[in-house]
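Note that subunit A is present in both complexes that follow, paired respectively with subunit B and with subunit C.
After this line comes the complex of A and B, so read on.
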């Protein structure tokens, strides 16, 4: 057990920071979607690290992690579906081009 | 608690909704473009929602218990909010059907609506962090489909994109906060988390997790500062969908947050009541002030619904302290359901006939269409909180709860906000009744008899407002009943005080 819990949490926090930055700063909807996937990976890493160090006898956190992975896949599916639709209608998925709803 | 067993008897309403929803996936594709068969999914969905309402009502007197190994609560609180959600789905479905009649959307909308309702119903009962995340996802995903129901609708497309990005990001940030709850307590179950945190948790981490989790719930409840998506999504979606999206996910978000905060953060841990009170002030003040400057009715109602969320939040803030806070919140949300859906039903009718929700379209509307005008007027007066309508009774209960819970200052701020809110609701009424209808040409019916390929920016063939009447009658009856006879409703909603512990 050479690697302490804190190390995992720091990597998790870094992933979280990268994900949030991508969601806020990226202009392409596909890149924002990637940022959200990074966020989900931060969650998975945190959960598995906590499971290993806090409560290794109970497997519920592993189920939760599988759930998060599934949600990531579903989100990718529906997100890319929406973006395909938008691209067909407008020819772009740059979010700053979508500014007709204002006021 | 029967541990480890499959307690299917306890989730009959959920099973009905889920079963019907799954059947509708192939059925909706099959009836697509088959004349009147298009209404089959709607009929099935209404039947399913009525059956679910009936079973949920029968479950009201049941003893509080946690089924499925303690991950799913069957209690008075859950059942009351399930009734509200199922009713919201039912009323919205009537408006959506009326709005999209003779269109293929009428075949696809019920399936998505059913799954959103099911997500909400599951969310108010979930006691496990995994289930909460799953049901939150279920609450949002079919709603994206509803918002972009008309695929060629560019405003709807844009609204969906914004809805999707904000929802996915908010959920991910919230789930990240949930991992810290697991890390501190080693459990995913809300009541165990609550016990462990009450026994002692690091204050910094408890506060951090609460802050992250509040982003997810705040998104669903449209709290300032997590409300950015709401005005865009509400004004980009078609009006009946906006009504649905502004009611069912929001009610579910409130109920879920109440259960979460009361169970996982007992005795106001991490000062969440104070935090929620501050958010309530920000939400109602900003919602009301921005609503004052809107020139489109859907956007005005979007900010109004943000302000309304602020009023409900007043009851949430005192939920752990005042005895009647939970039933006050349930009462206000029921009232909000009826008055908001009534308003959006009329907006839907006008949108279908005029292709616009500009306030200018409502000039003289009360004189031109007296009955629909009366429905909208009652809804707006109720939202503003005038007696003897539902909104008035709801506001009285919320303010009383705030005073009982030693947050008199919050009640005062809310009361001041209600006075500000009065102004923009009355401004719409003035437009409807005091201004002359503009030119006669706008009153002539659309030339084409049968609707052709449709873009929402072009007006639809009128075809009479008769289709909207079921929704009008139901919502107006609810608005009046909750205002005039609050007693019986309040006795029913008192069941919401029973929370599994």
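After this line comes the complex of A and C, so read on.
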């Protein structure tokens, strides 16, 4: 392995920072879900990098990553369903216009 | 360095740049559809990194699940929602044939102004903050966004292809990412091992899923089932088939509009345009529907309410 572990972890950290930026700064709910996907990708990349470099005989990390992907898919489906309902009722997907409860 | 090491570094550099640049493009491009395509590039980069880390099954799973499944869902939602091209599409100077081929993506300028999504995103036009931010400026300039936006006040709207940077969010994420990278660089090395995973790792994962992690595996199946039920239940056609029906329902709930002085309260009297701009969407809808408000009155109200109780 020529590429050290830290290089992969730095890529994961950069992806995480970009995902946090997308989640915070975007106003469209679809873009926020995309940011969450980037965050999950960063987490999976970190898990797999640690698995490969620290304990490659135990495949539990890959199973954790599979579960993360599964939960991400379910979350995406339900999130898009909620968003579709909100769009049908409010006519927008911009999250800062969902201000019915604002005093 | 042997050839294999150089090749590995080369592959790592390409895949890392693809994944990070794709994520950056996702976060900064204004068009949501382009954001989805950038996100696909990022997913492909991460899948390649998985393969490089000899987790080939996960690389395959990444491509199949994220790109084949989630990204299709995202792009469907982008096309379903209003204004998928970002607010730049509304005031692009398109000919009639272009407008035909971008049907559903763009709206005529007056309609775009009425909805007002993303129109007020001026103000923070600063473009510093993200380090690679300028690299998406080159793409998509063939769309020629010359603002042929006659008669409208553009305000502080910038016509660039990127979303304006939110300063606090950019600062927070820069601090977070920089802090993580600094921690990674400052930390002494992890106890890495030189062992290599078995070439038939897919079989090992399958056996683990069926023995040690069987509970998690079956629970994930149950979770997916419940998720499908929940998504269908949430997104099914509810009490209001579309927004107009809901507006009619809300209009029926509103108190009647005050009758202005000196004008007979007839429904089919012509409304001057400056008054039409002042009324809200609901009242505009009622004006469009015409007829006395009692037509939307108790009968329609009761029907909508019973339908809502069914929801």
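Just so we're on the same page, the second predicted complex is superposed on the first by the 102 of 103 C-alpha atoms of A that agree within 3 Å, B and C clash if a C-alpha of one lies under 4 Å from a C-alpha of the other, contacts with A are read in each partner's own complex, and residues count from 1 in each chain.
By our rule, a contact is a pair of C-beta atoms (placed from the backbone, for glycine too) under 8 Å apart; a residue touches a chain by one contact, two chains touch by 3 or more.
All values reported here derive from a predicted model rather than from experimental measurement.
In the superposition on chain A, contact is made by A:68 with subunit B only, not with subunit C. Legend: residue contacts after superposition of the two complexes on their common chain; A:11 is shown touching subunit C, with no touch to subunit B. Touched residues of subunit A, counted separately for subunit B and subunit C, are more numerous for C.
By the touch criterion defined above, A:82 lies against subunit B and subunit C together after alignment on the C-alpha atoms of chain A. In the superposed model, A:54 makes contact with both subunit B and subunit C. Legend: residue contacts after superposition of the two complexes on their common chain; A:36 is shown touching subunit B, with no touch to subunit C. Looking at the shared chain after the overlay, A:2 reaches subunit C, while subunit B stays out of its contact range.
Once the two complexes are overlaid on the shared chain, A:98 sits against subunit B while remaining clear of subunit C.
Judged by the touch definition given at the top, the superposed model places A:25 against subunit C, while subunit B stays out of reach. Once the two complexes are overlaid on chain A, the subunit A residues touched by subunit B in the first and by subunit C in the second are 16, 19-20, 33, 35, 50-51, 54-55, 60, 63, 67, 71, 74-75, 78, 82-83, 85, 89.
Interface residues of subunit B facing subunit A in the complex, by the touch rule stated above, are 128-130, 133-134, 137, 141, 144, 148, 151-152, 154-155, 157-162, 164-165, 168-169, 171-173, 175-176, 178-180, 182-183, 186-188, 231-232, 235-236, 294-296, 299. Those residues of subunit C that touch subunit A in the shared complex are 1, 4-6, 8-9, 12, 16, 19-20, 23-24, 26-27, 32, 35-36, 39, 42-43, 46, 49-50, 52-55, 57-58, 61-62, 65-66, 69-70, 73-74, 76-78, 80-82, 115, 117-118, 121, 130, 163, 165-166, 169-170, 172-174, 176-178, 180-181, 184-185, 189-198, 201, 204-205, 208-209, 212-213, 216, 220, 223-224, 227-228, 230-235, 238, 240, 242-243, 246. Listed in rising order, the residues of subunit A touching subunit B in the complex are 12, 16, 19-20, 23, 29, 32-33, 35-36, 39-40, 42-43, 46-47, 50-51, 54-55, 58, 60-61, 63-64, 67-68, 71, 74-75, 78-79, 82-83, 85-86, 89-90, 95, 98, 100-101, 103.
Within the complex, the subunit A residues that touch subunit C are 1-3, 5-11, 13-22, 24-28, 30-31, 33-35, 37-38, 41, 44-45, 48-57, 59-60, 62-63, 65-67, 69-78, 80-85, 87-89, 91-94, 97.
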